[in-house]
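The letters A, B and C name the chains in turn, as written, and every chain counts its residues from 1.
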């Protein structure tokens, strides 16, 4: 069943080499970024609003093109990939899921397999499998519209859609950011299990340090468009960079609160 | 979802407003329905240049002879609108033509060769009884239908009178206005009186577009009005109505009787205009506005000065 | 004589004029759609150009129809005297609501939906046809609805340039100083407008609740 799309192999790696992204006005959103994401790991891009996390994510699937430097996907420069084929090999989940409101859950999940012209039967089986994987019984949910789902359910559909073509890479942009704390914790738990089981290369953007510590195998902290430090989950709390310390401090300040933002 | 339904809702609102507007304008109820003020007198006119010039002339004349405030409500569509506005008191006076009043309003059929005096007498006698409207003495010119051809055709084919054209009309396309087509003194009788045939059915156009269509050779002959300033300005030629088919169309002021009773000075002022405007003078004023794009107020002021009014 | 007596007595011509009227509206709308939809789509991402084009369309809408006919008479091919001039003028009038709603409809589609569509590997064509246009459809249709109803109304002016339609009765009635004749044109035209509004409204609601 699992089949590489467009030549992207399972568990491939991502790499940024000296990547800068500037707006036409000249303002740099990301500056001189050097970063590797190993195959099968979950790298969290952590940072405050405007630190360049989302920009970095969009550089990976060529929604944005670097102004300087180069990005390598599975060892090949991103500019050498056909952007459409590349994106079909990379799952993409954003806040509020970005589901198509005029399509049923089923059709949303089937998006990339359909774009890739899978046979009908195979698509149907795959959609069923994916919905079960994310905990939405197909009999109940397949024909619903996104507007008939709760926020948590929509996000589950978003994940199912990003996994449907068995994409080896998954880009996630604050996927759980808009959910209530209880639903968020639930999805985070389930997603951690899923991630370790599926062996995907995952880049996960968040501003929530707790989420970063819970989901990331490594955490890359971005500040003002620059990389302030990359640490394994276990080392993050003891890191010495001032930006990292600030995040850790915020964690300690809010300890005891029900919710950490 | 909610955004889309707001869109739909908004468009519904503006649609029903559009439909209302359409109904209102089509039913011609928007003929100027504002309430009247005490010492104001309202001069109306139809929607072509000569009417606008005449209305301005009436207005200046009344202003010069009274302390009344004169409101100009010009461009009121056609004969029907002006007549209804006058009878219902939305306007106090407007310029009309005896032949139009005779045929279009009084629904009489003109006899062939009916004189200007005959026509005026009938109109002057009928209007007060039927509409409480007084017909004041004619201004002097006769704005009858004018059968117009291009100057080059007239020169090439030696056309002077309508009876000269019968040999050519089977190859000509005609352009007429709705009024000429429908009036009892218009198209049908005229074709019969001169024994004419045209290439195909006449193109029926708005009066304002006739001369443009003629100049652009879309049609070869049109029926306009004798005093249209554009006839000379575009180098066109009016053919003489040598069989005297068209009844006279002398311009007269039509005034509500109630207005004359309340403000007799209005009648005095307007009667001073009797016989003051020749066809040539009217044509020149029309051209000053149409061809030279001068302001009707200016044109009328200059005319009144020249005439010592 | 009542206006409906007049209608009955002249039902042959009334039907013929109604058919002419519908034909003029249909032709004008077909042209306006054929130009307005692709142009609107092309202008969605060209904000400055869009502003200029909409401004021009706005100005066109303020030109009185008789003046517009006057401009068009000498234009070869599309001008002259008759139906073609009327259709061109009517199409120009219908263009603005279609253009504007195409632009606003597509611009109004949730940016997150577009971003995920692109991010999942849809081609620009696929994004347009499978995402943007279906989601903008209710707004597009609202524009088409406005344009159609406006067209039904202003097509009465086509009679001024010899193109026929129900306006013939209105012009004829005005010339004859006869209210019955005017109403014989005005009432069917108003009914047509209401019918078009209602029919497209039903389609629009169905799209919106889908």
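Basically, a residue touches a chain if its C-beta (ideal position, glycine included) is under 8 Å from a C-beta of that chain, and two chains touch if they have at least 3 such contacts.
For clarity, every value in this text was computed on a predicted model and none was experimentally measured.
Engineer: May I ask you to sort the chain touch graph into line, ring, star, complete or other?
Structural biologist: The chain contacts form an open line.
Engineer: With centres defined by CA atoms only, which chain is the most remote from subunit B?
Structural biologist: Chain centre farthest from subunit B's centre: A.
Engineer: Looking at A-C and B-C, which one has the bigger number of contacting C-beta pairs?
Structural biologist: More contacting C-beta pairs are found at B-C.
Engineer: Please list the single chain whose C-alpha centre lies closest to the global protein C-alpha centre.
Structural biologist: Per-chain C-alpha centroids ranked by distance to the global centroid put C first.
Engineer: Using CA atom averages as chain centres, what separation in Å is found between subunit A and subunit B?
Structural biologist: Each chain's C-alpha centroid was found; their separation is 76 Å.
Engineer: List the centre-to-centre spacing of subunit A and subunit C in whole Å, with centres computed as mean CA coordinates.
Structural biologist: So the centre of subunit A lies 46 Å away from the centre of subunit C.
Engineer: Just curious, how far off is subunit C from subunit B if you go by their C-alpha centres, in Å?
Structural biologist: 33
Engineer: Could you list the positions in subunit A whose residues touch two or more of the other chains?
Structural biologist: In subunit A, 101 touch at least two other chains.
Engineer: Mind pulling the subunit C residues that touch 2 or more other chains?
Structural biologist: Residues of subunit C touching two or more partner chains: there are none.
Engineer: Within their complex, state which residues of subunit B touch subunit C.
Structural biologist: Result: residues 3-5, 7-8, 11-12, 14-16, 18-19, 21-23, 26-28, 77-81, 83, 104-105, 175, 177-179, 181-183, 203-206, 208-209, 212-213, 216, 218-219 of subunit B touch subunit C.
Engineer: Enumerate the contact residues on subunit C facing subunit A in the complex.
Structural biologist: Interface residues on the subunit C side: 110, 112-113, 115-123, 126, 130-131, 134-135, 210.
Engineer: For a test of understanding, state which residues of subunit A touch subunit C in their complex under the given definition.
Structural biologist: Touch residues, subunit A against subunit C: 58, 61, 63, 84-90, 92, 94-102, 111-112, 115, 158, 161-162, 171.
Engineer: Considering only the defined contacts, which subunit C positions touch subunit B in the complex?
Structural biologist: Contact set of subunit C toward subunit B: 66, 69-70, 73-74, 80-82, 105, 108, 138-139, 142-143, 145-146, 149-150, 152-153, 156, 159-162, 168, 170-179, 182-183, 185-186, 189-190, 193-194, 197, 201, 204-205, 208.
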